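Mind looking over this structure? Questions follow.
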Amino acid sequence: MSQPTKESPESQPMEGSPESPHAQPRPLAVSTATPAFLDVRDLRVHFPTEDGVVRSVDGVSFTLDKGRTLGIVGESGSGKSVTSLALLGLHKGTRALVSGEVWLDGRELVALPEKEMRQLRGSTVSMIFQDPLSALHPFFTVGAQIAEAYRVHHQVSRKEANDRAVEMLQRVGIPQPRRRAKDYPHQFSGGMRQRAMIAMSLVCDPALLIADEPTTALDVTVQAQILDLIGDLQQEFGSAVVIITHDLGVVAGVADDILVMYGGRRIEYGTVRDVLKRPQHPYTWGLLQSMPHIAGDVDRRLNPIPGSPPSLINLPGGCAFHPRCPHKGQVPDGRCSLERPELVPVPGTAEHIAACHLVADIRGGENTRAAQ
Amino acid sequence: MSTTTHPILARQAPAHDNLLEVTGLHKHFPIRQGILFQRRIGAVRAVDGIDFSVGAGESLGLVGESGCGKSTTGRLITRLLEPTAGTITFDGEDITHTSVSGMRQARRNLQMIFQDPYSSLNPRHTVGTIIETPMKLNGVNPPQGLKRRAQELLETVGLNPEHYNRYPNEFSGGQRQRIGIARALALRPKLIVADEPVSALDVSIQAQVVNLLQDLQREFGIAFVFIAHDLAVVRHFSERVAVMYLGRIVEIADREALYALPRHPYTHALLSAVPEADPDLTGARERIRLAGDVPSPINPPSGCRFRTRCWKARDKCATEEPPLVRIPGNAEGHLTACHFPEEPTTAPRADVVLDPALAAMEETSTGTTGMPT
Amino acid sequence: MFRYLVRRLLAAALILLVISVITFFVFFALPSDPALLACGKTCSPARLAEIRHSLGLDRSTVVQFWEFFKGLFAGRDYGDQSVRIHCGAPCLGVSFQTDTPVLTTLLQNFPADLSLGLGAAAVFLVAGLGLGTLAAVRRGRATDKLAVGAALFGVSLQIYFVGLLLLYLFVDKWQLLPAAGYTPITQDPVAWFQGLLLPWATLVIVYLALYTRLTRSSMLEVFGEDYMRTARAKGLPAGRVVLKHGLRAAITPVVTIFGMDVGSLIGGSAVITESVFGINGIGKLAVNSVQNSDLPVILGTTLFAATFVVLANVVVDLVYGLVDPRVRLA
């Protein structure tokens, strides 16, 4: 049952080279000598199960500077949420096998002992979760939960921590914050709960904020408020933000860079404008084509991606997307199913990379179709 | 209870042209208290007086945020819920208070597709049984036999007919939704109420299911009531769209008019909030950021329900409920319930930022935030 | 809150009424005849009728129940010209066997159950929470397997076996303790404690297993909750995450079961423990009354036990309201 996937033994060394930041110029970081604030190199999170190893995250690298926002986009099972938990070291002490490097401000986090990692959590790196109703403890008041997050990392009195919690609630736009701090999460509306969650994640002034589908559980008008709020607060706090989402629309509005994940791997990475306006990977292109819009041609037929997302236990060999790819016929010799494409720079851009044989071979000519 | 006129009905001359007609529909869920002796202490006014109609083969979209009553409306139409007031006429027959057994006949022509493809299929039944059951219950005997018909239906919705004997858990989310669609098609209905049929699916799968529904609508001439919170999906699927807010319809129009020439401030706010995957659009649209969430439907605001979150609200809005009418400047069939409607455009203008936290931060950082009126 | 309490207590009274009606009528549906038992071996039909009359058994069941019900509020007088027994206001009747008011006997036997039940409950609750939490934290490891295994072992043991074993070891063989039994605490606190040590231990061994398993499964469920991940993401130390955020949420189902168990324990359900250690409690009284067809005592013990269970229910709901802020008592 637990057969290793075809490519693992042979292709491992090969894939290592283009993925490693040393073998290839770091694609996105501003090309100064200073290292990026967050530098993730070849991150892997594997879960051994009875049915085989689930490679939830399989060699993901990216960089992010302070004050910038990276959007990690993918469908369910793409490994985007697992990536975010790994950045926070929340897999420590579980059966998950984490490898690779996460450099944050000159410190490597994957190998960091749990005790030191714990001190970073909530202070230097903090997180906003998807469903604020289940992510907040039902039995403690909102104010107490925020104050607790502050007191873990600061030697202050209970009262000072409570005042800080009220101040944070005020800043995220909760009316009557002193009174609402004494309420329980269930007494808040959905949008207010997510604001409280944001207040809690920002209470220690984190340098890196990770938001995992922060607006998926919210109504569309509230989503717009919350996304703007995260953006405005980022300006104010100067944090680096990683936003995880399945919605390309969300990243278009808030992110500077986009990392598209498929089957636990990254398949396209670049600035928002490059990736959304000149998508190079057929998957990114397919996602954009399959989305309906609120303006423009209404009779346009949606162009869905056929098939379903792959199983992480048994990823298709070669390019994981090839069984669903409409362009695999354009690559000769069945290379798509045999050879895993490397992430290569898209011609004409220094900061846009994609993992597709077409990008490597045809060098843009064919791919301009995607710009339409 | 409600003083609303029924302009849509007035507009569409002979009433029997419409497959579905809904007038003055209300659904109030009582809130009870007590263990042995329950008493009523209030009601959730989930649907609070709505009128609309759907012609044969037409698709009407219902959009709105949580608590607007769109799903309740769907359940009332299919009579999974008993209306508190109002009438529902389907195919010339008043089904407002038809009993469960009496609904059997109507239900042949009136089917529903649910949001969650995981919980709406019985896991212990094979796909074949699931699709055949509605036919058996209604005594339908297709000439080619039940099994052949079920297999044909599987093929119609893009599934392998040989999977007839499989169980729902062997299928992916998108495929399960297709099974649900095949079940709904089994009786060749005239109207399908689709309640968030794609919102539980991955983006790449959503488009497959939307396309399938569109093909079926065209091929079999099925009318749809398409309920969704995603404005883009609704626009894509429905020729006519109604925007709901706290149990009422605030605006209804052809999709071209509703999305390009909206009049109700809430429609403007909704459209402006939709995230679009195009970085060029960010500056090309108006930006409206409301404050807070939708109020509770237990105690909706007086007058216009949207006034507590509206930047144009004045005294009149609190005292007088705006009727859903064709206001000057609207095309025929474009009805808006607003005393002070917006200009019919979505072009950018000064930002409307009502959210206190955003307003405070944007005031200090850029100073560009302006509030009209 | 106050109104909630009043309504709950009224509902509780109604339940007790229903229980007493059922007990009453089930008793008369049974074939045994209390008069015959009271009459003894040399019984003549005339004597039997006399007894039957003096016990009130010659009247219809409904009338008898009405008399009983009236006695609850107004008290009753028993007997004829020769013997008169007065039974004061909450009168549960007078024993057919001993001619003493049932309530008096109940109150005499009650302190024993109270001491036994509360003492054991305090220990098995605290120990169960601790062991269960430990097992959940060390899930799948040796500590967990040991705790779960011990729990299974404890559950499969029977009280009369454990009790007798403990008695044999501690009292007979090693002579570490005096004979077990109940001495009122007001009389001799040391003897009270020594006498109850083994009965407590017996109950704890049996109940601890249940509470360990309950806490463990409840805790494991809580570990999967999103808010536990949030607590870790805040940077809380693992211990605080488990004890503050985890236990606080996991304790609610335990509290529910605990309330019921305490209610029934002090209401006399520890009947086997009572008889193994020779403690005169409510349970023993109940068993004797059934053997003797002593209707007033059967009714009295049933109602007494039911009262505690019903009251425990009310208390559990009140505590629930305190523990879980989402529960509104209205």
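Labels A, B and C are assigned to the chains in the order they are written; within every chain, residues are numbered from 1.
Just so it is clear, a contact is a pair of C-beta atoms (placed from the backbone, for glycine too) under 8 Å apart; a residue touches a chain by one contact, two chains touch by 3 or more.
Since the model is a prediction, treat every value here as computed from it, not as a measurement.
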In terms of CA centroids, furthest away from chain A sits chain C
A student comparing A-B to A-C should find more C-beta pairs in contact for A-B
CA centroids of chain A and chain C: separation to the nearest Å works out as 56
Dist(centroid_CA(chain A), centroid_CA(chain B)) in Å evaluates to 32
Going by residue number, chain C touches two or more other chains at none
In chain B, the residues touching two or more other chains are none
In the complex, the residues of chain A that touch chain C are 88, 90, 93, 118-123, 126-127, 129, 131, 134-140, 148-149, 152-153, 184, 186, 200
The answer for chain C against chain A in the complex is residues 225-227, 229-238, 245, 248-249, 323-326
The answer for chain B against chain A in the complex is residues 65-66, 172, 174-175, 202-208, 210-211, 214, 229-233, 235-236, 255-256, 259-260, 269-282, 289-294, 346, 355-358, 360-362, 365
In their shared complex, chain B is touched by residues of chain A numbered 75-76, 171-173, 175, 189-192, 195, 219-225, 227-229, 232-233, 235-236, 246-253, 272-273, 276-277, 286-295, 298, 301-306, 308-309, 324
